[in-house]
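Note that the chains take the letters A, B, C and D in the order they are written out, and that residue 1 is the start of every chain.
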C-alpha cells in the first residue's frame, strides 16, 4: 500500500545513488518538482530513463546527477533545445553522458514488456535504421508460425518510476487523466514508485479517460501542487512556455 | 496577397491531405500543414498525434504533440503504447506527415546526428521520436522541410527513419508495410520519388522559383521531371486560414514553428 | 467510415458463409440480437471465435451455423451448462464441431496481436498444461536477450467482429463502458466489424472508463435496443438470469 | 448455529485470506469465500476478477465474473488483455482462488474434459478460462472444491492448470513464477502439499469428519499429516455474514453457487 509522505521523504526513501530512474509524463504531467528534489538531494550516477527527456532531464544532467540517459526524443517540444544534453553529447561537458537511444515505439514497448513481466516485446520497427546497430536491447525475433522476422526490444525494469498525477485519495490510490502517456507502464515496470499529486482528496470520483493506479502498486505519494511546472496538469495548471 | 516561401510550403503540404483521410502528425511544420488542411478543404481530416490523441480538433495550433487542447478535442485518447501498437503499427493510418533535419535522395530521414560519428557527432539532434515507425507503417509519407544543400544530401549521415533505403526493393526486403515517402515538400518546390528508381526528382516548383535555384539547394545531382509543374500560389482563402491559425497560436509566447526551426536550425 | 444501417443489412453486408466471426462481450454487452440475426439469415460453416461462448454461441451451434469453435471457456457464467456445445463435442450431434481451445490469457493475447498487426504475441502461459499439445497456435519462443523460453500464441485475425455497445453518434463513432472486455481488440483485429448499439445520439459525451472506437475503424453500426439480452448493457439493461 | 458442510468449506476458505491481500477470484465457490472474507475479517482484501475489475466491492454476491456491480464498485476497470498481461502475469497478485472439476495428488487441476480422449470425452467441461495463468502466476493458490473419489484423482485426465506437475522441481523446470497450490479446501477438510514431495496430504478435518471418510472421498492413497488438526467450526458471526451475503444474492433467481455446482456436478 502506498505511503503518503513529503516529497523529500519520498525521494529519499525511493531513490539511491546509481539507481535507474524513469521520470515519465508525455509533455503533460512531467514530474518537475520531483526532479528538482532529486537535484536538491544531490543524487549521483543515475541512469535516467525517459521517452522525451526535455527540460526536466536537462536540469538533472546539468546538475551532474546522471551517468547515462535512455531516451527516444531529446528536445523540448516546440520551445527549444536541450543545451546541457547537447553539451554532454557533443563535447563531453561537464561530464561524458552515456546514451542508449530508441524510438518512441521501442521505448513504449520496452515499458509495456516490463509492466507485463516479460523480458522482451515484439514489434515492427528499427529495421533498416542506423539506430538498430547503435543501440543495445534491439534484436531480431522470428515468428514461430509464419517465419516472419520481427523486432524484439528488451524490457525496461527501472528501479524507480516517478510520475506526477492530478489526484490521490487518502489510501494512496492515484488518478490521472488527459494525455496519460506511458506512466501506467512505467510504474508497473518499476520496482518502486513515487507519485506527486496536485491534490489529495477524500474520494476519487470517476473521470473520463482517467487512469487509476491502485494504492497497492504505488510506493510513495507526495503532495506537490503545481509539481508539473513548467509542464501542465490538465484541469489544474497550464503549460508555461516562457520558462 | 503576398506570401512567404514558408507559407507556400505549408499550403502546398496541406493541399495533399484529402477530406476523410487519417493523418499521423509530426510536430512543427507537419502539424501546421495538417491543421491548415482541416481548417480549409479537409474538415473531416482525422489528426492523430503520438501522444495518443485520435481525432483531435484543435482551434489553435498546438505547440507540442501533447498540448491539452489535443486531449480535450479528441475523439479518444489512448496510451502511448497503444497509439503505436494498435493504431500506427498495423497500417491503419493513411498518411504520415514528418519533418526532418536531413533527407537523402532515397527519402531516408535523419533527425539524430550530423557529422562526426554517432558517439561524438558534430551536431546532436533530438533523435527518433515516433518518426521511424511512422515512416515504416503509414500507407504513405509526406516529408516537409526547408531546402538547403546541407539538409538535402546524397546519403544521410544517420538513417533515423527509412524512406526507400538503398533504392528499389529495400522496403520489401525490410518488411516495411507502408509504401514509403510519396513526396517531399520544401520551401522551393515538391520532390517525388521516381517509381522505377525510388530517387527523389523535382516535380514541382513554386511561382518565381527556378530549377537552378532548387538544384543549388540540393546536395546531389537533382533530376527534374519531364512533367515539371509550377505549383499554384496560395489562394487568399488559404493564406487567410493559415494566418488565422498562426494568430490563434500567438497566445503561446513563442511561435508554433519554433520546434521545427530549432530542429532544422542546427544545420542551417 | 462506419455506415449506419439496419441490423439485417449490417449482418448481410459483413458476414458470409464460411467466415470467421468473433462475437465478443465479456458477460457484459454480449451481442445477442446480432447472433439471432445470423441464425435468421441462415449463415453456414462459420468459424465462431469467442472467449466465453455462452448462450449466444450455443444457439448458433444448435442452429447449425457453426463448423468450428475457437474459445477459452464454454459455459454460461453462473447459470448453467451449454447443452448444444456439450452434445456437439460429446456426441457429434447434430454435427461434429471442430474445436480450437485456449486459455483466456491466450485468447486475449491472440486478439491483441491481431489488433497490433503482429503475427504472434509473447506471454507466460500454457507451459505444463495438456492444452499446449492439443491446440494449434501455441509454440515456444526464446528471448533473444535472456535466453528464457516463453510462449508464443498466433494472432487472431477474424473476418468479422461483432460487438454490442451502449452508444454511437450519427457519424458512427462507438462508445461503450463498464466491463469493456476484449471488444476493442476484436474490432481492431478483424477485417470487418458490426456494432449494435442501445442508442444513437447526437454527441458522445465523455464517460468514465469508456472505450471509443472512431468511426473510421468501424464497419457497420445498427440500432438494437436491448440487443444484449439476456446479457446486459450497463446503464441500459439488466442481466436476465432466468433466460 | 448449525451449518452445512458447504458453509464450513466456504468459511474455511475465507479464513485463509488476510486483510490487505490481493486475490484473483474465480467464479462460484471461490468468489463466495473471497467475498465472505472481505465482509468479515479482511475488509481491505482486494478482489480482482478476470473481467478486468480491480478492487471490486460488491454488496451482493456476483453471479458471474462480469456482473455490473463489480465494474461499478471497482477501484478501476481495465481491459481483459490488460488484466492478464499487466496485472496477473507479472506476479503482482498474492493469491489465486480457484475452483476445479478434478484435482490430483500434485494439485494439478482439470476443468476441461473427463474420460475418453480429448477429441471425444465422456464429459466435456467448460475449459480453461483464466485458471491456467492464475495457477501459474499468483504467489500462491487456494483450490476450493467438493471432495469425491472422482474429483480427487491420482492423475487428472487433462492438465488444464498446473499445480506441482509431476512433483518436486516441475514448476521450476516449467518456469512458472508463482509458488503453486498452498492448500485445497473441500467439504470435508483441508489438504496441503508436503513441502518435500509436493503431494497433497490431509492437514485438517472439519468437526465430526473422520479420516477414513476423507480417505474414502479421495481417489489416491491419501497421506495424513502428523499434525492433523480439527478446523474450528464457523463462528456465529461468520455464518451470519455468509447467509446475509447469499441472501443479498437472492434477487438473482438462481443461487450464486450454481456455476460451480454445475461445473463439478458433471462428475458427481
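In this section, a residue touches a chain if its C-beta (ideal position, glycine included) is under 8 Å from a C-beta of that chain, and two chains touch if they have at least 3 such contacts.
Keep in mind it's a predicted model, so treat the numbers as computed, not measured.
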(request) Please state, in steps, how far chain C lies from chain A along the shortest route of touching chains. (result) 1
(request) Would you kindly say which chain has the C-alpha centre located farthest from the C-alpha centre of chain A? (result) D
(message) Measuring centre to centre with CA averages, how many angstrom lie between chain B and chain D?
(response) 57
(request) With chain centres taken as the means of their Cα atoms, state the distance from chain C to chain D in Å. (result) 27
(request) Let me have the rounded angstrom distance from the C-alpha centre of chain B over to the C-alpha centre of chain C, please. (result) 39
(request) For chain B, jot down the residues that touch at least 2 other chains. (result) 76, 85, 89, 137, 177
(request) Could you list the positions in chain A whose residues touch two or more of the other chains? (result) 117-118, 123-124, 148, 150, 184-185, 209, 211
(message) Under the stated touch criterion, can you name all the chain pairs that qualify?
(response) A-B, A-C, A-D, B-C, C-D
(request) State the interface residues of chain C toward chain B in the complex, per the touch definition above. (result) 1, 115-118, 173, 184-185, 188, 211-214, 216-217
(request) Quick one: which bits of chain B touch chain C in the complex? Just the residue numbers, please. (result) 20, 22, 46, 54-55, 75-76, 85-86, 89-92, 137, 177
(request) Would you pull the chain C residues touching chain A in the complex into a rising list? (result) 117-124, 137, 139-141, 143-146, 148, 150, 152, 154, 206-210
(message) Could you list, by residue number, the parts of chain C that touch chain D in their complex?
(response) 26-28, 51-52, 71-75, 77-82, 85-86, 89-90, 92, 101-105, 108-109, 111-112, 123-131, 134, 148-150, 178-182, 184-185, 209, 211, 232, 234, 238-239, 241-242
(message) Help me check something: in the complex, which residues belonging to chain B touch chain A?
(response) 27-28, 50-53, 63-68, 70-72, 76-77, 79-81, 84-85, 88-89, 112, 118, 120-124, 126-133, 136-137, 158-162, 165, 170-171, 174-177, 252-254, 256, 258-259, 262-263, 266
